[in-house]
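Order as written gives the chain letters A, B, C, D and E; numbering starts at 1 within each chain.
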Amino acid sequence: MKIDPKLDTFPKLLMNRKILSPDRPAIREKDLGIWQTWNWAQVCDEVRSLACGLAAAGFKRGDKLAIVGDNRPRLYWGMAAAQCLGGIPVPLYQDSVVQEMEYVINHADVRFALVEDQEQVDKMLELSPKCPKLEQIYYDDPRGLVHYTPKNLHNYDYLIEDGVKFYADNPDYLDSEIAKGIKSDISVILYTSGTTGFPKGVILTYENILSTVNSSIEFDSLTEKEECLAYLPMAWVGDHIFSYAQSYVAGFCVSCPESGETVLHDMQEIGPTYFFSPPRIFENLLTTVLVRMEDASWIKRKMFDYFMNVAKRCGVNILEGRSVNPLDRLLYLIGKIVVYGPLKNTMGFSRMRLAYTAGEAIGPEIFEFFRSLGINIKQLYGQTEASVYITVQTDDNVKPDTCGPPFPGVEVKISDAGEILYKSPGVFKSYYKNPEATLSTRTGDGWVFTGDAGYFDDDGHLKIIDRVKDVGRLNDGTLFAPKFLENKLKFFPQIREAVTFGDGRDYVGAFINIDLEAVGNWAERHNVAYASYQELAANPQVYEMIRKCIEKTNRDLSADSEIAGSQIKRFLILHKELDADDGELTRTRKVRRRIINERFTSLIDALYSESSRGHIENIVTFEDGRKGTMIADLEIQDIATFDHMKLAS
Amino acid sequence: MDTATTTDVQTYETERVREFTNFILEVEGIFVSFGGVKALQDVSFTVYEGEIFSIIGPNGAGKTSMLNVISGFYKANAGRITYQGNDRTKASPEQVARMGFARTFQNIALFKGMSTLDNIMTGRIVRVKNNFLKEAFYFPAQPQEDAQREYVEQIIDFLEIQSIRKTPVGKLPYGLQKRVELGRALAMEPKILLLDEPMAGMNLEEKEDMARFVLDVNDEFGTTVVLIEHDMGVVMDISDHVVVLDHGERIAHGVPDDVRTNKDVIRAYLGEH
Amino acid sequence: MNEKQQDASTNGALISVNNIEVIYDRVILVLKGVSLEVPEKGIVTLLGANGAGKTTTLKAISNLLRAERGEVTKGSIIYRGERVDAMTPSELVVRGVTQVMEGRHCFEHLTVEENLLTGAYTRRDGRAAIQADLELVYEYFPRLKERRTGVAGYISGGEQQMTAVGRALMAKPTVILLDEPSMGLAPTLVEEIFEIIKKLNENEKVTILLAEQNTNMALRYSQYGYILENGRVVMDGDSSDLLQNEDVKEFYLGVSGDKRKSFRNVKHYRRRKRWLT
Amino acid sequence: MKLRNLVLSLVATTIAIVPFAVTQAQDTKEQFFPALVYRTGPYAAGGSGFWGGMEDYMALMNLRDGGVNGVMLKWEECETAYNSDRGVECYERLKNQGERGATVVHPLSTGITYRLIERATTDKIPLISMGYGRTDASNGKIFPWVFPLITNYWSQNTAKIKYIGMQEGGMENLKGKKIANLHHDSSYGKETRPVLEKQAEMYGFEIRHYPVAHPGLDQKAAWLDISRRYKPDWVILRGWGVMNPTALKEAARTGFSADRIVGVWWSGAEEDVIPAGKAADGYVAAGFHPSGSDFPLIQEILDIVHGAGKGNISPQRVGTIYYNRGIVAGIVTVEAMRTAQAKFGNIVLSGEEMRWGLENLSISAERIAELGADGLMAPLSISCADHEGGGPVKFSRWDAASKQWVEVTDWIPTDKSIVNSMIMDSSMAYASEKGIDPRSGMSMGSDCG
Amino acid sequence: MFYREVGQYKSSYRADQAIFPITNDRIGVMLILIVAFVVPPLSGNQYIMGPILTQLLVFGLAALGLNLLTGYAGQVSLGSGGFMAVGAFGCYNLVLRLPEIPIFIDFILAGLMAAAVGILFGIPSLRIKGFYLAVATLASQFFLLWIFDHVGWFTNYDPAGVASAPTTTLFGSLAEEGGVLGFLAPINVLVSGPNATPEAKYILTLSVVVVLALLAKNLVRGMTGRAWMAIRDFDIAAEIIGIRPLRTKLLAFAISSFYCGVAGALYVFTYVGNADTEAFDLIRSFTILFMIIIGGLGSIMGSFLGAAFIVLLPPFLNILASHFGEGTLSGATLANLELIIFGGSIVFILAVEPQGIARMWQIAKEKLRQWPFPY
């Protein structure tokens, strides 16, 4: 698809959509029981009114509009409206606590906020005394807000009303403002959650985003016929690119689910053709499939196992168009009718043309499972700072353990320390109000440090090992890549989260979080009584099960001389689930090692002592924000390790 | 699990300003008896338009009988009921419904064979102009049906029961059934909502939810709510006025704070509790 | 708490429910592995929200599930060391397990006394013994004696509840499974009923398994409690401990710190704490 | 009960249900007869008895003679349960079976006969309603495919009045007499009301009708009225199935003498009287054939068919009224077949050819004797205009002690003079309502004009 | 298993409330309809078209009528046979006396007559319920049949009380050659009487039944149906939300009787060709009640499934027996065996699924949708 170079901002693209494909659906939202749909013409008008409303309220070029809430059409329109006026949308994670929001709103000099509902309004009202620059708060859903009196709090409809009036009085104002926009303008500021310190505001210009988006549309031949589900946080660059930028450029329709709990069901209804997700969604889906199959009748289970084997044997080859013997092809066809098709149907994957997984490494088994079903799922390596795309797998050459070759227009190199660097038109302008960070991340000639360690394999595919700073060495000098080990462990459905230790130590130790759904289901089937996560985690049989998983990992590790030395010697199962609310994980569920090191010191020490038990006391946060103390006494077990030679013999 | 609460999330709290001017319902000197048993004796009270009004009293005090008289099920032996200034003492339940009264029952009176959606849709029957011939040919009736559906969806959204929209109500847990019944009543766009123990058999969390819904109905639709409830906490928190019955007689009538301290009430109802 | 549970299985509880799973209509999973113990002559209470599985648990024990298209698909229920899964409700009544259903369920066209006598239907020990027990019931429920000739459909809710409990007593039960005795009753009456339950337990040595919404009452009158959520036991402990537990206070007693929360100030988006997931 | 058998039969069923055009390759010539039997339901005795006789007779032909002139007889049963809808279903199921389709159909139920008249006419399959069915169908000009053979309800009724007249000492003595017509309240039961009324006018007796609702168990009120208030001289019992013994018992209870009750031939089987016990003693019923197994023909059947273990009914029931009615039906059917064969050759006959056989059927006394059925039936002659043949009626009295029917009259001829004009009126009314032109010419050289 | 529902999202209430919201179902039903309209006539098999399919359709329609009343509105009736008779004799007289009217309008008029009678006999439903109402409707059954038996006018004074369908054409006599509507003559096919082809009769019946079934579905999914179900499930609650009990019940009686009436007319005109009151006796009423109990109360499809069970299973067993049992068992034993199996399967169905075959089908469908998962 050729994009008109004059359309160099989203507002211009949007206005052009009204001419290009006014009647095609632009956005949908499951609301009041059906998929409410707006076509491009309606979206255009809505954004126009909204922008005029903002203008009437005094929103000026360069002003920031905070966007907080679940994926809602009106919030997306808010972004476009701000951009129309030369303003900058600043989407925030909707589940952030007040303190986190307060930081961003102050740091980004936000004057206006468009939020979803009472919950977010409450947060805004709570932080507003400490954020003097925040002037106006608008909300989408008036539920529960009847008696709210603050003068600067208004309904979205109020904004539109003002906008309509403003437009009648100043019919040319908006068009001229849109025309003023140029490609080097700031398009959006996205705050990265960051594993340490305060979040950083990544400034992306229209040029950054549009250049990568244009390449990506060409790369994957995206058309206006794609169906896409917007369910990831709006503050995340992935959602911004896939649900906003690409949609505006390619003209495809984005669907917003009813609520977080209904995503899977909504996905089944919509049947996206284009899908983006971090690996855990795929992991969860696979776990659900396996768990539910366990409860199926004997015949169905046998059939499932048989055809999954067939798929394992030939599914990927069929997907990638390689030659497959006719019998297998026939069996696969039958399997498609009785197993793969129905499975894809229940997962909502039937129409999937292209799926991406990124953010973390995905388990090869999980990856292969979906590919063998005939779903074209690919891996991508990207960053907010790069407007996502760094390396992407191509359709015909997909390897489960790499991230593919560099994306068109992106240069990638590996530093001497093993760190990955890249350079591309999508590279961010700077961190907002943080020149030091900008300097330390991007070199003068445009190379950006990713902080990830990796290397290119013989085919030129990038392989990520871990964060550069997290790759360490055991005392005997063996390479220790904690994330690599943890991912290997997390590929077992029973293990939800794992944290490994080893840098500067004699051997590798691990904390394990069991997967409550998978292990709970197992417990029910084996008549193991448990009343809580804690109790289940402490069960000796569960310990035995996890020990076997780790043993298997060790056996795998022993096959590779490079890492054979980093086999796991001791482990314990944590009494609580690691939680973003407690700061142990990031919002995207990455382990925060520093916090864990601080918080579980006593347990780590126990791992590296002779003791068979470890004691812990710590504070936890509940979902409603309250805190409590947890005390636990946990068992620590040793695991067998394997010699590199022994396996080879 | 050993946990301790340390802090609470601060939330924005609002003060509701309540001013009432018009009576919507006036109950005067109602007597009801069943074969010699006197259920209600000379009960009078008035309900303001837009308020939350509670009827409380011990079991057997005549609360439900009172509600049945208001909703037209029982005919009062004597007395008068005035609605918006008009005498409607003799109206039948169905007429009362069409006037703008909706009620829920203590023991849930849902249509068990129908889905949540259909149950709430039945509440729209009073508001529909379709006849069966139009419906049989579907298309003539369809715009109406869509409009009704949209209205009902707002209620479903309001009561947060989207996920059970198509579930047969017989399969729902008790708390949700109560919510669906409230939904059906709301679908009638009532002026007065009569709730017979909406929180009976609920735990605290569910009571909080239900209280929230009652408050929201009152706030957002301006519906007058007449409530029978046992939980004094709920009644005192959310009511604007309270009438207390005992053995079919009115023993107190007023704002919650006055009623709470009324000697008769304490003796008859609250006991030492 | 896990130790406590393991102990209970060895000390010969009267009823022990082991990890049962209940599916309704062949598709809806209601109980997802519930285990509990009821010691002889004890009062044990099941707490939890509506739909948590309290009633289902009681019905699983009394085997009334089948009537509602439910079945126990996993786990076992042991009463006096004997598996009762395959018995009919009436066989269980003969063995001393009687359930008082939620919502009272009196025969509304019969008088109070007739209602009570239906409870003795399975007994074979003669008219005199039954008459004696009838007097006993009246002793506990003097209100019923006053109303003995009243038709059950026209007595008050509290009296109906008493009739239902009295009827259960007429079967000379070892265990009464009591479902929501406080439902729809005024506070004084609730207190009265619980007092009677306590007396029954003390004087007649009747074991009681109680399902209640009224957490405060239930914990005050019972010795041990289980909290169910979403078809699982999420917490259990001695009732006195549970009463002091901060979470129970917060979520079941409505007391936060020392202050009672006002119903007016509950936010509708309020997210709830869940013990599981 | 082997699984394989079950599977095979399921397959066979499927084949049978779907395309009926599929016919088996046949080596032998087989004439096909649908058997619309009823072995269940309240009238099972009639259905099983009749078909027992008919099938035994056909079996005798096959076993003794190797078929009729070399054409084997083949039949297939279809259970109607005396239900009209199922009768239609059976008819449709079986009508195209066999090499040239169904030969003739004996519905053995007035209801089913009515349902089938138009269908058989369209399908060109003769419908034999021997002693039942639609009376005015005796007019072969209007009902070319329906054959109420031997004697129809109205004819029978005239014989009955004649019998009563005989008992009263002459028809002139009927004047002023009172007759009650106790009938099944159905189209079957109501059939004779017009003729009775006409005869009442003619002979000056009084007639009163007493309809009895199906199934006829409740006759108390009717009999009280008959015995206590109306006090008729005679009662005509036009019952069916369980109504018959009930009537006799009620009569006895109210003190009405059984020998003043004259039954029609659907009220005159052993099954109708035995349950009434002594109450039935002396009761007289009409018949177009007697009971008994002493006839040489029946002895031969017992010998050859039952002797070979191929009987279609328990031997105890051989010789009962219904059984013998089946034998007579067999004789008439086979003789018609022979008649047709004489014209068309010894081939498997089509329905049309069979009709020619029926319309030219003539069974003389000699032929009857030759068949070993002397006394079992009266001589019979059918024409294309007269599909009845006007056969005479015989009356028998039930002897409760010996449990036997005793013939009390010889063949009493029916009163064609009354019946014929009525048939003509009724059938012409039907023809005009339906827009049927009376047959004016006959195919295959018949004399109907 | 065959369900692929992904991507079938609804963006309007109309789509969401469609009769068959799932595309697969829609395609399936379309296919069934096409097959039903095309295959039997092409096969030319009279047996399949007549006693099998037409009978099924006629009784399915009657069962549907009763199901509207009993299954949806909760009013038990034993008068369906009587209402069928009203339709049958009403239509017979219309055709006989006013041959100008097109036959399908006769069907409607006959249905309206039945509806009027239905309203009359529905009046007691305001005060009585359940078994008592069943008994009251029983009276209508007896009364109506008595009238048709004893008032000769209804059967045009036929001596045996048999109403025999005259030869009729689709558009009536006015559409014959030279008539006012003569232009319709080429398509004015014979639809009843001896010379009407089985194909014409079958297709007419099928069309009438399909249209009426569709209308019934529309009714029950609209406010009318909801009002009925409300009355059925909880009459007091229904009244409290403003439903007028008498009006709602009488409407149910009227529409139910309308359907039964049309079924009765079809019985005479396109199925058997003639009828007397025996065809609509009490046993018929009971049979129709059995159909909806076995098929499933409150289900349009259940009415037809139940009719299929009651109407088709006996002949199927009979055919099975005649192939299987030939030569091994006596005819009487086989006949009784059929009855035993028939009765046994009724008990079996009701024991396995008291809510009838329709519910079984629904569960099976749900399983297929969840496939390969158990839930």
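Here, a residue touches a chain if its C-beta (ideal position, glycine included) is under 8 Å from a C-beta of that chain, and two chains touch if they have at least 3 such contacts.
Bear in mind that the values here come from a model prediction, so they are computed numbers and not experimental data.
Graph distance from subunit A to subunit B, where chains that touch are one step apart, equals 1. Farthest chain from subunit A, judged by C-alpha centroids: D. Chain E has its Cα centroid nearest to the centroid of all protein Cα atoms in the structure. Mean C-alpha positions place subunit D and subunit E at a centre distance of 35 Å. Averaged C-alpha coordinates put the centre of subunit C at 49 Å from the centre of subunit E. Centre to centre, using the average C-alpha position, subunit A and subunit E are separated by 57 Å. A separation of 72 Å divides the Cα centre of subunit C from that of subunit D. Annotation for subunit B: residues 1, 3-5, 8, 11, 16, 149-150, 216 touch two or more other chains. Along subunit A, residues 33-34, 122, 143-144, 532, 622, 624, 628 each make contact with two or more other chains. Interface residues of subunit A facing subunit E in the complex, by the touch rule stated above, are 28, 33-37, 227, 255, 268-271, 292-293, 295-297, 300, 303-304, 337-339, 341-346, 348-351. Taken together, the subunit A residues at the contact with subunit B in this complex read 31-34, 121-122, 125-126, 143-144, 146-149, 258-259, 261-262, 532, 534, 620, 622, 624-631. The residues of subunit A lying in touch with subunit C in their complex are 117-119, 122, 143-144, 516-517, 520, 523-525, 527-533, 535, 538, 622-624, 628. Residues 12-14, 16-17, 215-216, 218-219, 222-224, 226-227, 229-230, 232-234, 236-245, 251, 255, 298 of subunit E are the ones touching subunit B in the complex. Looking at the complex, you find that subunit E touches subunit A at residues 1, 3-13, 15-16, 370-375.
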